[in-house]
């Protein structure tokens, strides 16, 4: 049933050597909840106080490359594109991170996108935790996936798992 | 205002060389939302289908050691203890992960605990994403912190950000 | 004469850029010698005392991905499959580890299989060394290799080097 | 019973934060079995054909630093000394590798020495496997250990596990 | 004569376990030579075109943590502070990078500072090489060192090696 | 204008998934300035005092494989060849390092060659810094590049940037 186990329940790196490489894209999102003041300081302070988003963006992009080291049974992939977008809701104190990863590979890049978004969120947490003890990371989820046999997947926005 | 920037807004690894090492503990939590059937299969299938929690536990513990590589401005720390606990709510389809990290060090181990819980959650996601496309990771938050000048911190359970 | 040196005796990463990728498989074995009681405890204790094989399997699989970092002159390879099998002889106190690695690449995956089997053995050693001071790792050898110009290799079982 | 598991059988990085650092030394050995001609070529060819031992020595020393990445539940240690010695028996076609590691730490450095000797052996294997298909790695074992509560350990030479 | 070799000329990680930790500081400099237009674009373009210095600063700081992986015989050190400063001469097309590293350790942090300055320079090179094919990295040198038995060292500015 | 930023000035790993792999070669040079006595000792002492070049060569080759970890926005590449050449001018006390890297890839290997030459130079620095406090690293520059849309590049020897 689960990925990454053989029929005796033993963990394996599944054999993908027989698959043809295709173009794969994945987009994952992570959210960060923080005080409005903290978020305002991030947005305004970009120059004078330190560019939190610039650090988090690099953390996320470089983490995408570390996915095979972090996720034990994942395949080492040579990713061909990685980008991070931040959007903010100053009234609610929410940062939304979107990580896009693309590769011409034999298996999908969902985990690369998920790791990238997660580590960008963790880096924001790290920079703000001194000023904002209640800061937390919210939903991390796959938004979009393309390429490979299972076809295109697009998350339905009204059926998010944590609204249940 | 933010950790990890100097007074001109430049990113730095803050100087902690003048601090005395003290015993630091941090506990972080992450949640995973998945279908009830998936969760039941994880719980029952521990032997026959593959031990998802055993893989995720190792992923989380080894990730704690990689924190200085993932979080750009964090200090390299020699952690002295790391452990991961899973608890499950089969009716709601929720896995709660608690990661505990301890070290006798000059700076706190919050990020090590946060990274450890996050990567354990990402590893569960990775193993279940084939069977359960809607699986997502929920709140990742610091539960507890001890040691260092700022004293003991314990998260208040009723003010969790994602209940807002 | 030796791989990895040029004709002046200087270490190099040999140029494989002109070779065509082909499907490569390698199987390597490692053995662990331990007390019968220790081995029985591993086999019986899978659930109550800790699943030694599950930890060693993950250690071996993740180590296969680290081969280019460990073996200085080896090429970075994107492996497409990795698996570890354990078999045991309770009367003799012997664990045999077989590591299989596969990749569609320009050069062989023998070192990936050898590293994988070795690190699985080292991880078993690490978990048992407190209870069993005399534990040691025995022969580590290539069993099988397929793909590439030199063709298929299968180790002859009666000509093992350490029986000489 | 096993190191690295708690009393419910869950894998953990054992808490050593309460221990005092002491000076720890460990010496591990690994053997490589190869054809006499191959060994002679290594010994004679040091300058003209490539210095196999120099490469293997660096591989072993740098691998000692990677032990926390390879052995999942091991503690990250700051090692203070690492050295590799090679001795050879040209009549039998045997290379013996001794790896010594020292650190002032809260836990022993046996795994660092075992990993260091193993990776030096694997590097020799890698350089000779083209010329000598039957090359294999023999016993890898702890020879000596000093420091820490369990006191000094010295392997008894006549009770080697693989002579049984 | 050389660091990192024993009296038989064999490479070792020198034993520093008997030394007491002291506060160590090192400052290293690297220079980058580029076209005036490129440098002007970096300085002006900080916001609209991309903050080259922000990326290079993070590259340098994170590289300081990777020193034990890059420099084979160096000791793993837990650095306690890392910072990068850039200064520019727009008329000459020169960027000067100063990397400061500090640690309370048994051995010096010169290599950490040298690696940090070098990798910051390499990251600038990487971002500008498309627009400025003649870009090159100039002198990389130790400016200052403090702590340890050999005392304080300060480079004499008029005796720089590359003015010879 | 700069590589690695999108049109809003945000750092990205540029999308190369649409490009066809071609054979790429890059050659980079680094220089080390040291005292004549130190250089003579390196050249003569190859056997008795320790083979500085052998260590530096391995450091450079293994560093080429670490380029994606060091240069934040670079693509992970599977390099197919890496070699390091040293030439020396005993009268001037100069070591010149040439690093060659080749890969069949979607993007160039300039950074791999630049990192390789730089780390070889840093390793020489590390081994000689005790005996020769004034040692420094000089120009690091791309000598040659082939493959890819921008065609072949060869550095003009008389227009070196630091002679300006």
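Note that the chains take the letters A, B, C, D, E and F in the order they are written out, and that residue 1 is the start of every chain.
Everything that follows uses one rule, which is that a contact is a pair of C-beta atoms (placed from the backbone, for glycine too) under 8 Å apart; a residue touches a chain by one contact, two chains touch by 3 or more.
Owing to the predicted nature of the structure, the values given are computational and were not obtained by experimental measurement.
Trainee: Hey, how far apart are chain D and chain E in touch steps, shortest way?
Mentor: Between chain D and chain E, the shortest chain-hopping route counts 1.
Trainee: What shortest step count links chain B and chain F in the network of chain contacts?
Mentor: 2
Trainee: Name the chain whose C-alpha centroid is farthest from the C-alpha centroid of chain D.
Mentor: Between chain D and every other chain, the largest centroid distance is to A.
Trainee: Name the chain whose C-alpha centroid is farthest from the C-alpha centroid of chain F.
Mentor: Centroid comparison gives B as the farthest chain from chain F.
Trainee: Calculate how many whole Å lie between the centre of chain C and the centre of chain F, each centre taken as the average of the chain's C-alpha atoms.
Mentor: 33
Trainee: Counting only Cα atoms for the centres, state how far chain C is from chain D in Å.
Mentor: It comes to 15 Å between the two C-alpha centres.
Trainee: Check each residue of chain A and list the ones that touch at least two other chains.
Mentor: In chain A, the residues touching two or more other chains are 10-11, 47, 51, 54-55, 58, 62, 66, 69, 72-73, 78.
Trainee: Show me, using the given definition of touch, all chain pairs that touch one another.
Mentor: A-B, A-C, A-E, A-F, B-C, B-D, B-E, C-D, C-F, D-E, D-F, E-F
Trainee: Contact residues on chain C for chain D in the complex?
Mentor: Residues in contact with chain D: 1-5, 8-11, 33-34, 41-42, 45, 47-52, 55, 58-59, 62-63, 66, 69-74, 92, 110-111, 114-115, 118-119, 121-123, 125-131, 133-142, 153, 155, 159-162, 164.
Trainee: What residues on chain E touch chain D, complex-wise?
Mentor: Residues in contact with chain D: 6, 10-17, 68-69, 72-73, 75-78, 106.
Trainee: If we count contacts the way the header does, which residues on chain C are in touch with chain A in the complex?
Mentor: Within the complex, chain C contacts chain A at residues 23, 54, 57-58, 61-62, 64-66, 78-85, 102-104.
Trainee: Can you check the complex and tell me which residues of chain D touch chain F?
Mentor: 47, 51, 54-55, 58, 62
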